[in-house]
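First chain A sits with chain B, and in the next complex the same chain sits with chain C.
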Partner chain A sequence: MRALDPLQCWSRYEPDDSAPWNLARVAHLHRRAGFAAPWSVLQRDLKEGPDASLERLILGESTSSDGTTAAEFATLHNGLATQLGGNAEATRLQAIWLYRMIFTPHPLLERMTMFWHNHFATSITKVKNAVLMLRQNALFRTHALGDFRTLLTEIGRDPAMLVWLDSTENRKAKPNENYAREVMELFALGRGQYSEKDIQEAARALTGWFVVKNRFNILPAQHDDGVKTILGHTGPFTGDDLPKILLEQPSCGLFVVRKLYKLFISDLDEPNDALLAPVANAFRRANYDIKVPVQMMLGSRLFYDGSTLRKRVKSPVEYVVGMMRSLEVLRPTVSTDKLAQACEQMGQSLYSPPSVAGWDGGTAWINTTAMLARTNTALGLIADTGRFSPEALAKMYQAREPKDLARFYLDLLVQDGFEPKLVERVEATALRTKDPKEVVTLILTAPEYQLA
Partner chain B sequence: MRADRRDFLKGSLAASTLMAFGDGTIPGFLASSAKAASDSAPSDKILVVIQLIGGNDGLNTVIPHGIDGYSKYRQALRISSAQVQTVTKEIGLHPRMSGMAKLHEAGQLSIIQGVGYPNPDRSHFRSMEIWETARTETGALETGWLGRTLDARIVKPGEDAPGLHIGGGSLPLGLRTKRTEVPSLENIEQYRLNADNRTSRDAIRDVAKMDRPGDDPLLGFLRRNSLAAYESSRRIEEMIKSSSESSDYPKLRLAKRLELIAKVIKAGFGTRIYYTSLDGFDTHANQLGVHENLLGELSDSVSAFHRDLTTAGQADRVAILAFSEFGRRVAENASRGTDHGSAAPVFVMGPVAKPGLVGDHPKFDDLDDGDLKHHTDFRNVYASILDDWMGVPSRDILGPGFSPLPLFKKA
Partner chain C sequence: MTMRQWAVLALISIFVGSPAVRGEDQPVSGAAWSSPETLIYLEVEHPKGLIDQISSDLVQKYLYSVPAYQQYVKTMQYQALHGLMEMVTGQLDTTWDDTLRKLTGGGLVLAIDATDGKPNVVLIATPSDPAFAQKSLDLLFKLAIDDAKNNGRPEPKEVQYRGGKGYVLSEQIVVGIYRDRLLVGNLSRGLISLIDRVENGSDATLINKADFKTRKKAAEAQPDQLAWGYVQLDELRKLDPKRFTIPDKLDAGQILLFGSWIETLKQAPWLGATLSWKDTKLAATLNLPTPPKGLSDSLKTYVPPKGQGASANLRPPGTIASLSLWRDLGKIWDVRNDLFNTEYVQSLSGLDTFAGQFFGAKDFGSGVLAALTSDWRLVVAQQDYANLKPSPDIKLPGFAIVIGLKEEDDEFAQRLKAGFQTFVGLANLGAAQNQYPPLELGTEKVDGSTIATAKFMPNKVALPEGTPVNTRYNISPSAVQVGNHFVISSTLSLARDLVKAIKSPTVPTDETLVIEADGHELSSLIQTNRTRLVMQNMIEKGNAKPASEGEIDTLSKLADFLGKARLTVKEGDSGWQMKLDFTLNPVK
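Moving on to the complex of A and B:
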């Protein structure tokens, strides 16, 4: 597929014999654009087709998994965030976000919020202020599927970001280069698209920008109002001019689209510029409306091509949130504090990425400790009979006999991802042990289940 | 950086990290374990690498307090002659590094000054890649220098993992191999499979082990990691059970990691390369206090580790390398911090041949755009470790042209 003309790759997916709209593709859409989906949603979307399913992911469902309306859910959760003090523990913040991901009526919005958190990676370990982290999180959510120009501009004035990159005191006498460097290297352009001189000049433009009492402030006396030359533009630039200059660089759209490709299509192969060009061009033509490339990718032939399915490693958050959503562990759900700890053991602490470059992702999620943590988390859930009964869930969807139950869990969790020998093994286990727990254990701990 | 790191991941996929493993699915060293201790000669030399992440300010670590220029460029951050731990008349260690100063007195510490590489890159990510792969050309990011060292020797069945990563997060690039999966653990309590019975333990393992005719490389990679996890956790649980003495280590993250390494060494593991890290050296603002704590953590942890190994009679077979991806600008910035720079000192601890300073301090009157110039390539340091300590020809790992420094007695 990737050998084809890029325009073909990004053309709209229409089901055909080589890529039918089947359970595997419905589940694929929900794994990549959300965090996996319960059986009823898979069945509904299987009936309604790819366009309606994608549209609902873009716009969000009308009700959340806890029964509240989408509007009530948003109000409740936005409010919850403001009740926390600055000293709240990272685990608390993580738990609140994980809860939101499990119950959200708008999974794609949370996925994209997480995408921007990884893109503008900021850690509470240094910011040390929960309120600032939550404000930043709200900023990501507000623009998650909105305007990248606004997002890039706002993040430069975001107190959490400025504390994180030591840019709370940009004095004229000795400019601090940290934010200037990272905004070019990691947020907008990518390595090789700027010079050290561009960084030094951009740092001068940023002088006068301060964080005072946790709020962004401009101190004109500390601003260097001389002429600077940044990426070929010359003028008496201020910090607000910097995003404008960056957004004019041809590499800017491409850089963001490359990261979206890693999120939605593949984080294993490195796409060439020609493949990304149609999406990057559409992104720029749409004045950096983030919805445009997202919709284009998730509705494309390439997205649904057989070579794209199950070629991404689930991140720890995808793994645990997806498990809860698929298995409908909702009333009561597992303590999200515990889930946050589990994610940490698997190598992902929300609000605490390892560096300003975010998580490496892909195969870097996998090492022996992470595999043990994933297996142990699945085992812990299955042992928690008060929260999850594999028998009851299967019964709810009319799978009663051992063989039906095995089929149900295979369809729900891995669809056609198991080879025949493995399917036999799971079915044999169901028949032999009559214990639905064993069946679910084998599937959740299988290497195949780690893939999205 | 991400693009490069991804290139590497992709490279490693294509280049066989993920390829099927000959006949078996279990790396050789994990296949059985009973006779491992006797197979891996305990006389073999061990290397412990401590990566100081973020770019350590070399000038305030190995402090040239008596050299003209230091006090000119460092005002808010200056540490005076009276405060330092003496190494020579002009140069001293940071005041909080008393533990390492004692190692120096005992002839167990070499400080290699002015280490770097040509055309220094001031991106953390790129510079870490360069140090960890020991390759300065772009695109050559498949394996780490230690990964290649591990790959240089075929691991025999029944041997322990030849390398261990102690720490959270993903496996460092430095340890990336083509042939073996290097286990990665933060603490022993979490490093076990919590299956409540043997049947389900076996069933889980069997599913990972079953051959997949489809032979998808990504799936193969996941399967091998699962199996390596189940086997190495069982083995470590077995070995460590016996050792439960009380701890003399300070309550610091690096100290805990080194303590775990010491436990594994003392338990007779055949592992020869251990890798861990200390993060937080990216001190762009208000550096003094943060940096002081980090150097204190490094020095106190290493010192406790060395004491522990000495008591156990193991100190003579362990060398420690501590490095950072770059030093910092000579001139401090206005936020009482320092920005990304280039050349910096590297520490080697253990039974060194030439304790004290190795090489001159880089000159203050010959800066490169505000940065110290390096005179020693980091690969010369690696070459000494490989040739004269690990007994692995450095040419095979680093390529030609990097002669060893006189850090160790010739192997």
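Moving on to the complex of A and C:
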């Protein structure tokens, strides 16, 4: 596929003999665009085809995993974040979000919320204010699949971001360049697309932007209202003009699309500009409607190409949330306080990315400590008989005999991701031990299961 | 487990579920058959009373209000067990309730000894209908044989021994009938020893032990007593010192608060307990004798003079819990070198620094503790949450400590007031550093007493809707002197109520400690914070919202059901008694 021209890569996926719409591709779509799906959803989407499946992911399901309607779910979870998160420690904030991800009727929305959290990486370790972090999280969720133009504008006024990048007291006499630098380098354009002078001038435009009592405030007396020249544009610009200037840069669409490529297609290889250009152009033509590149990528031939399957390493959050959702550990699910601690041991603490560049991702997720933590989490779940019974889940889907049970878990969790020898080993284990726990342990702790 | 095994277990559970003994025409106590080396003895003289209580509307209504119980009765496991119980009782031509009453009607006894180091458990049930007991046992044996055959296990054996007939059902279950009593044990030789003791007319039985006799008499004198027990602590300590001996190295705080009680528990040779229950009154007592050599002089400082124990509890409106403790900390301070290790005594000297900071350079022992009486009271009470402005997200009750002051020391109350102001000043320094709102000092006069109080300054600008309101707004620290009492309260409203409550004369009790709790008020507090607690439960336990609501409502119902609770500890020349009473509330 890499040899094909970009237009072919991004053309609409039509199932055929070389790339049929099978269980592996349904599961692939859910792993990348959600957090792995339960058996009933895989079967439904297998039957209904790629277009209906993708549309449902874009729009969200009508009911959540806990049985509430999507609207009730949003109300409950927004309330939960406000009530419990207000004065909470980082672990509790993480737990609240993980809980939401496990039960959400709109997994793609949460994936994209997490994507923007990583893109506009802000850490509570410096912000030290749970309310501000929750407000920022709500901002990401509101615009996760919406308008990048609005999101870029709003994030510049977001108190958590301003605290994070030292812009809480951006005075005329001493402009702070941190936000101006990061918005160009990491949020909108990428390195090499701006000069130091552009940063200095943008910082002047941002003067007078303050955070007062946790709220964004503009103090006109502290704003430098002189003329500035930013990326070739000249005028008495304010902070609100900066996003407009950035979005006019040709590199802006390409920069965001490159990051989306890493999320949906592969975080192992670096795509060339030519490959990304059709998506970036469509993104700009759609006035930066985020749904456009997302839909284009998730419905493309490249997305369903054999070379794309299992070419991403699951992040700790994808790993644990996916496990809960696909194994239907929902009534009750695990304590998300504990799940948050487990994610931390695996190297990912939500609300605490390691730097403004976010998490490295990819192969950086895999090391000895992280793998041990992943294994321990899986073993802990399997041992928790009050929450998860591998036998009962398999029975629910008519897999009663050891061999059927092994097939069921292979299809649910890895599909065609195992080599024949490993499949044989799983089946032999099922027959030998007659213990469904052994089967699930073998799959969840396999290196192949760590791939999305 | 097979269906038959369930049936066997169901029948065994009747015995194991309760303890034992005496039919009206059989004056012999189960204790007369028990070994003098019995370590733990439990007796239910009238099981009917216990069955009546458990099957009463009060308890059943509560049980059926618990979601977990509702869920349990729907489980396959329960349905299978219930079906078997129906089948078994059907074969016996009776009902389950009637079966229980007939098999245990004359009493139940549980005795555990460990003469050769291995626990020997014996249950003695006195059926009100011996023929029915024989029929039940025959059925049990038949079921056990069928079960063994179906599962390829060795069949149970029937044995006869000196007029008794029994069945060895498995390695751990032996049942038999002897002199119209049902016997159940975990070892064959345990039942054989029992029969030998009775047949040989041995005087070496538990009932002939002096301590036991006294406890039995005292327990039988207890009104509405349902069950009672006796534990030979000294024998248990010898048997397994690691498990049953209280370590010498104890936390200094534990020694400070419970010094004499811990010593009693360490040395008492036995422990007695009773349980009584009539209608809505449920009570349990625990008795320990004074250590054989008595308490040391330093530990005697923990024991109040007769009739001059803890003061009556304070009960302002909305009281959730109230504690009253007799502790002469001044005297305990004087003997601290005998009570605590050197390291801790040295660390106590830090309290002099504290006293210097808050009480004008007074010495902690002679200046602070010596000015206080032995009257210590704590109160936890609901607040008027509707009037809290701003209204915090979590509603906390008010907490207050009431200290008795010696009449001759007028200056000390002034020092306490100044100490309160120092505390507010320090809190404001911390608030300024952490950008918290400061505490604003004020005073209020109530019934002739001036309350020094402080409240957190609210935000000038109203916060946007949905902004969390900090827990600190539950607090309005207050201090007030009322006669020779000093009140330090977390809220102004509780301080006000306590001024009125303290005006009534203080009546000393016989007890060292009295704790009262009001389940209804606690339930109301849970309901006030229900939304928050439900959400917390969802995150902490992974429950969906309905399940979390169920758990929180069950907790609230349990608190309400337990009604009013009262725990007392009384110390006298002969020993130590702890009593726990509940006045249960009907489930609404």
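In this section, the second predicted complex is superposed on the first by the 449 of 452 C-alpha atoms of A that agree within 3 Å, B and C clash if a C-alpha of one lies under 4 Å from a C-alpha of the other, contacts with A are read in each partner's own complex, and residues count from 1 in each chain.
Everything that follows uses one rule, which is that a residue touches a chain if its C-beta (ideal position, glycine included) is under 8 Å from a C-beta of that chain, and two chains touch if they have at least 3 such contacts.
On a predicted model such as this, the values are computed, not experimentally measured, just so you know.
Enquirer: Overlaying the two complexes on chain A, which is it for chain B and chain C: clash or fit?
Expert: With chain A as the common anchor, chain B and chain C both fit in the superposed model.
Enquirer: Pick one for A:E177: touches chain B only (first), chain C only (second), both, or neither.
Expert: So A:E177 only meets chain B here.
Enquirer: So, A:P20: does it touch chain B (first), chain C (second), both, or neither?
Expert: So A:P20 meets neither chain B nor chain C here.
Enquirer: Who does A:I366 touch here: chain B (first), chain C (second), both, or neither?
Expert: A:I366: touches chain B, not chain C.
Enquirer: Figure out whether A:V334 sits in contact with chain B (first) or chain C (second), or with both, or with neither.
Expert: A:V334: touches chain C, not chain B.
Enquirer: Between chain B (first) and chain C (second), which does A:Y99 come into contact with in this model arrangement: first, second, both, or neither?
Expert: Once the two structures are laid over each other on A, A:Y99 reaches chain C alone.
Enquirer: Looking at the overlay, what does A:P236 touch: chain B (first), chain C (second), both, or neither?
Expert: After superposing on A, A:P236 lies clear of both chain B and chain C.
Enquirer: Return first, second, both or neither, reflecting whether A:L76 touches chain B, chain C, both chains, or no partner chain.
Expert: So A:L76 only meets chain C here.
Enquirer: Scan A:G86 for contacts with chain B and chain C and give back first, second, both or neither.
Expert: A:G86 sits against chain C, while chain B stays out of touch.
Enquirer: Who contacts more of chain A, chain B or chain C?
Expert: B
Enquirer: On the combined arrangement from the superposition, state the nearest Cα-Cα distance between chain B and chain C in Å.
Expert: Least C-alpha distance after superposition: 12 Å.
Enquirer: Quick check on my understanding: which residues of chain A belong to both its chain B contact set and its chain C contact set?
Expert: Dual-contact residues (chain A): none.
Enquirer: So in the complex, the part of chain A that touches chain C is made up of which residues?
Expert: 66-68, 76, 79-80, 82-87, 92, 95-96, 99, 103, 131, 213, 330-337, 387
Enquirer: Help me check something: in the complex, which residues belonging to chain B touch chain A?
Expert: 1-7, 9-10, 12-13, 17-18, 53, 122-126, 165, 168-171, 181-186, 190-196, 200, 203-204, 206-208, 210, 212-214, 218-219, 221-223, 225-226, 228-230, 232-233, 279, 284-285, 331-335, 337, 339-340, 369
Enquirer: Which stretch or stretches of chain A touch chain B in the complex?
Expert: Those residues of chain A that touch chain B are 165-171, 173-178, 181, 185-186, 190-191, 196, 258-259, 262, 267-270, 311, 313, 344-345, 347, 354-360, 362-373, 375-376, 379-380, 383, 419, 421-422, 425, 429, 438, 441-442, 445-448, 450-451.
Enquirer: Residues of chain C touching chain A in their complex?
Expert: My answer: residues 393, 459, 461, 466-468, 470-471, 531-532, 535-536, 538-545, 547.
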